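The two complexes that follow have subunit A in common; it is paired with subunit B in the first and with subunit C in the second.
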Partner chain A sequence: MATLERVKQSLRSGESESGTDSDIIPADAGVEDVCDDEIETVEAILTDVRPEKRGVIPALQQVQDEYGYLPKFAFELIARHCEKSLADIYSTASFYSQFHLEPRGDYSVRVCTGTACHVAGADEVSEELQDELGVGLDEVTDDGSFTIEHVRCVGACGLAPVVTVDDDVHGPIEPDDAETIIEEYNESGD
Partner chain B sequence: MAEVLQRPTEVDTVDGQIRIVICQGTGCMSSGSDEVYEAFREQIGALDGTENVALSWSEGDIDHEELGIEPKKSGCHGFCELGPLVRIDPMNVLYTQVGVDDVEDIVEKTIRNGEVIEELCFEDETGARQSRTDNIPFYSEQKRLALGNCGRIDPESVEEYKTTGGYEAMQTVLSEMDPEDVYGEVQDAGLRGRGGGGFPAGNKWMFAHQEDASEKYVIANCDEGDPGAFMDRCLVEGDPHRVIEGMVIAGYATGANEGIIYLRAEYPLAVDRIQQAIEDAYEAGYLGTNIMGTGFDFDFEVEKGAGAFVCGEETALMSSIEGGAGRPSPRPPYPAQSGLEDKPTTINNVETLANVPLIINNGAEWFKQYGSEDSPGTKTFAVSGDCSATGLMEIPMGLTLQEIIDVAGGIEGDKEFKAVQIGGPSGGCLAEKHLDMPVTFDSLQEVGAMLGSGGLVVMDDETCMVDVARFFLDFTQDESCGKCPPCRIGTHKMLRILERITDGEGEPGDIDRLEELGETIAESSLCGLGQTAPNPVLSTLEHFRDEYEAHIYDDECPAGECEIGGGDHAGTYKIAAQDCVGCQQCVDVCPVDAIAGDPGEAHSIDPETCIGCGQCVEACPTDAIDMRT
Partner chain C sequence: MSKATQSEAETGVTLEIDGQEVQARDGQTILEAAKEADIDIPTLCEHANLSNVGACRMCLVEVDGERNETACTTAAQDGMEISVETDELWTHRRTMLEMMFADQNHYCMYCEMEGDCELEDMFNRAGLDSSRVPLEYPDIEPDASNEYITMDLDRCISCGRCVRTCDEIVGNGTLNFGNRGRETTIVVDDDVSLGESSCVSCGSCVQACPTGALYSPLSAYKGRERNCEVETTTCSECSVGCELDVYTNSGRIVKIEGNEDGPADGQLCEMGRFELLADGRERLVEPQVDGETVSLEDAIDRASATLAGANGVNAFASDRLPTETLEAFSEALAAYDASLEIPGAERATLESEVLSALEAELDVETADLLVDSLHDLEDSDTLVVYDTGIVESHPVVASYVRRAANGETTLVTIDDGEDRLERFADHSIELAAPAATVTEQVTDVFEGGTEALADGTVEDIVDVSLQLSGDATFVLGPAVEDAETMVDIFGLAATSDNEVLSLGPGRNSAVANVPTDDLETDADVAYLLAADDRDDDLDRSIELAREADTAIVHATRASALTEIADVVIPALDWFEREGTIVDADGEDRAIERVLDPRGEIDSDRELLADLQEVAA
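For the complex of A and B:
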């Protein structure tokens, strides 16, 4: 297993292309669990992404679609694929609110905090959902099912206040509806 | 007695079809309109072989496909609050809040027997049921140009787009016009950027055209980040081919062969629809090499945003496409000179682009008949908040604020109008005195607001304006990219002050501090985000200053929204700043030194220290001191 230092060297000298896949996983970056399969998964994603700077955001988006967040080892692969430095990739990933660097729940419960939803009481809805799930914002429930987050306007203002679960839009909802909404997904997950 | 519909003639119909149009916008889909669509398909199929369907124009046994009675998907009808919406054309019968259970009834009664189902019709404020869109002000007062096809045609069908004259403008442009004529026509029409800036689109195209470069880009900006705005989303969801056509024309006029639409990732349906439309357009030969045999090449692809409001700014948007953090750069150079990958780049809002095919088809003069002299054409507005008919509308520029609110059904219930927030975080709040002001790019700027992209949130008297200002500052300081200090630090400072005020801990001098900070940030920030970030605060300070004062000096939220008031400090005293003359007499008598304030300035009492002895009340010559309750 390569060390972070070796990876950096190989990236600098451009040797990484010739190395085996497992060589690029920095052990001290906490990704020793990653097996070749996962690397192949990411590399398969990257084959459809253009190998230049314009590929960075699509690459991050597609990897996140696969994992629900951006695992560290993927940064290495994306950096190499798009011919950018690790720092560049991290800079981009950490700038945008869409990207998560920590694992998320299976379902993303998003409370819209746009103007119409704010005025219609999104805060109370959010609090009720957090109570219902027993987690705070951006935390994952113990069973790994849900993450709750605040998002910018989802553009369904006529339905304010709005909550989306993955790509489903729910609205208008009352704080009391929190339980029903969560139930719906708990059942479908069972 | 139910209203009975007249059998339509074939002439009334589009393509000889009776269309059951089921809205598949985000709003209606969240209320289950996709299931309603499926139910209609099933029920209509079951009509085959029956006789004498009232709404078909021929007699005898029917085959629904042959007769063209078809359930159709469409983009947003605009009346999102009452979804799922189903309209039956060409009769223009609108059914609201249609559930799967209603479908059988609609087919049996309305389609088969021509009866209108009253319970499903829109109920107006008098309680009367209106079956036709022509009788509902929300529809009859609108002038739909850019959104003309939204809610009318199936957005997933290039064929349907063509039946409305789609891609004709593109053909005219590519086969008959020089680039100079194209941007000249757009200049003559006076089309201004609908994304909020209001910059003349034709000029933008001319600048890009004049650049000598082998490669150029055009970008459609659909990074609709303003909270409370969803016009662009509806447009792309409802009529994606119009955007494609506008882009090809923009490409031809500016000399670009590559186009990109930058779309928010928060709009998954819009992403799917435009992607599908692009594929179909390639297949039909409207994109790619040698478009329609004219020798013009144009490629078009989708870039999804990643959740950063600042990327609506042109230079930040390009930085994002290039894989970097979305931070703006100083201009010049302008994108028309050096934009994406340092190539000349034209960036237009999708609504601007959607107007272009109409201008080409009908001419600049036709376009100018709508709207005002300085702001020709129409504007789409996303109206939400405390009005009866929230949703999407398109109206001529220059209507007054009151007229716009009336189209949206007026204030909900028996509450009073208080304010309109227009233009999102860059815009401002307008008060009652602005209701008669015509809404145009320029008129709004004069009163410290901004048209922005067209989000319009109506607020009634239960809304606290200080809290609204805090809400927007919270938004902008969070979305500030951090590049320039006035925006990064200034908005943070302003937010802290606003939070203090809404928590009931505002201090004398806070209003001055907000104004000074706001003016400095507006003057010295690098990009539009920072330059306009103070607008919500400055405009509410101008029009609702008394609310700020009530929070700070009286520990009171007039709208009752902020949790302040006497609370823990009941029994202590407070000074009404507007009555205080700054004589210092109370300061002198206070036994615990709880009162502060320079001579001649309004004083304040620290409720933590005050023991409620009342000596200041007796000392005060102007009766400015009162007990907190």
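For the complex of A and C:
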């Protein structure tokens, strides 16, 4: 199961001081748990961010660009940089759906669940994709490649049911197409 | 400061609320004007000393018959016609209440706050007994990770009083809203439990919570607040002197709250709000001699005989005691030629020596050098804190420091250990050299400009010096003990025309006026008036008891000290004492008797007087 694997990965990365093969930093690692390189990475990002309240959202966005999600240790660094409390930073990050508090895969598979897609069978497509990847919604595959999420209307109702993978649009698709779509990215990733 | 978010009210406006003519002052909100006219507008998210946000919608009023506004955020304006008690408004309020009720798990009969709950009251006032909205039954785990504060978001209505209290009153910013939207909850730091968070356990949020979402297990299920008696007294856990509202029923203390009309806006700290309640040691009620229970007369006779026959007597008194008791102690023990020690006396004496020397040397008045009120901290352009241990020793002062630093004030912290205020500081100076050296360098730069820089002067010191030309306040923690540092700091304050808030280790600042001296090294008898001292505070008494052949202990509760005592005389507990205590500003504050004494001792003072009489 992906969740268990993630726990194991986090344990492994906790054991090693020089980092591991996994790029994923456990979501709950604090500043004292991560190596200096990671702190320097975030601090380098923050040098271009205004050290004030207005800098909070740009800081969160740029850290997420780097890691694909917002690791906990970054909250502490952003709070210090922007002179806000930890709770202020968490409050902002947890409000916007653009911010992710858990690690994400390299590819974001978004299944549209807008009305047209819902009627055209989005649920079946989603289930098939989840089976194909062996993960539930908003979980990361073992190899760190994919995350599946449900989104509201992507504005391509004529192609319902629609799935987007990063910026690519696939539709209309059948549940049986799931395997082909995933393979396409697995190959390009190799 | 106006709380109104809309256009400012004109000076001296007249408006009409439910047909009654009401006068309002410049900048007052409709709610404030109504309160002063004794008109009750319903509220939930509004609370004393906090900003208004209009979140709960209970105070919706109809303005000029054409629009609805929240009375807590709308400025009163001339000629306004306000309606509060209309059917339409109550329909709105009922709908809001039904949704609040359905959103979480409000099962009143199992709730600690039942009977004292503002949500329950509002429900009753609105004539509701059920909700049309289907219940959500959210699955919420109570957070009991903090020893003194339980957070059960089952009862939370997201009014934000705790969030605003932690931010605006305590200045700590531990609480906020997370996952705003349909799933809004209160979050602690970055979603951790209270026990592992930056929470300072002051309990101000507990006092602010209108429902049972935040409560203390120390007070839970001990009875309704509104059936309690309340006595206001002064806290003697540090020299700030916060006002305590002590709630009692059936001869016991139910809970302690900060007096919201008092000087600290209802703030207390972990010590005053919780630790005073949490003392579970066995209460001493009977005098003992050599482990046997005796009458009070016998105990005093024995104590007196031992003292009179001693080659030397070392006497120690707790600095938690009222001034009058400390004076009685001093007089009684002087009758036996004892040497006296009271914690904090040394620093207090040193301080008055330094101040009178400076008064003569620099032509300044001591009164001009000392801060008048804690609120002055917030008005300072710069705060320089020597010893951030004040976070633990004087927590309420730390709140004012944080509040100031969160505002416009520049905060400089100087510490030789861990900087407990680093998160709030603009300059955090870690002392490699003694405090005196740093201060000396700051003084040099202040007086002589940057040319006066000594080698090794850090950049921060230059910054500090430059700040001092504005309105600065120096806060001196209890760790500052040497005369040189004191002379430098007070001297710097005097030359830069600034003020000092001195927070010594002595709880009752009257220790400065009680004559004390160095203890004898070969005294064979120790008289230890430890009262309700606990934990580390007992260390010195225990040391003195061990050094002496005979130890007479005058204490409230059983402890490691009473175990090694030869004579034990019961003392009053903090809530049984009466008298005055001098706070850090030099003000006399009243200590009131909250409950009648448990034992036969009615007054520590009379007992000490008896002891003195026997000597004579």
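As a convention for this text, the second predicted complex is superposed on the first by the 157 of 190 C-alpha atoms of A that agree within 3 Å, B and C clash if a C-alpha of one lies under 4 Å from a C-alpha of the other, contacts with A are read in each partner's own complex, and residues count from 1 in each chain.
Here is the rule we go by: contacts are C-beta pairs under 8 Å (C-beta built on N, C-alpha and C of every residue); 3 or more make two chains touch, one makes a residue touch a chain.
Not measured: the values here are computed from a predicted model.
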item	value
Contacts of A:Y69 with subunit B and subunit C, given as first, second, both or neither	neither
Contacts of A:S91 with subunit B and subunit C, given as first, second, both or neither	both
First, second, both or neither for A:A116, with subunit B first and subunit C second	first
Partner chain(s) touched by A:G158 [first = subunit B, second = subunit C, both, neither]	first
Touched subunit A residues, subunit B compared with subunit C	B
Partner chain in contact with A:R80 - subunit B first, subunit C second, else both or neither	second
Subunit C-contacting residues of subunit A that also contact subunit B	84, 88, 91, 95
Residues on subunit B engaged by subunit A in the complex (per definition of touch)	26-27, 29-31, 79-81, 83, 224-230, 233, 265-269, 303-309, 320-326, 382, 384-386, 390-392, 421, 424, 455, 457, 459, 463, 468, 471-472, 475, 481
List of subunit A residues in touch with subunit B within their complex	53-58, 60-61, 82, 84, 88, 91-92, 95-99, 113-120, 151-160, 162, 167-171
In the complex, subunit A residues that touch subunit C	72, 75-76, 80, 84-91, 94-95
Subunit C to subunit A touching residues, read off their complex	167, 172-181, 187-191, 198, 423
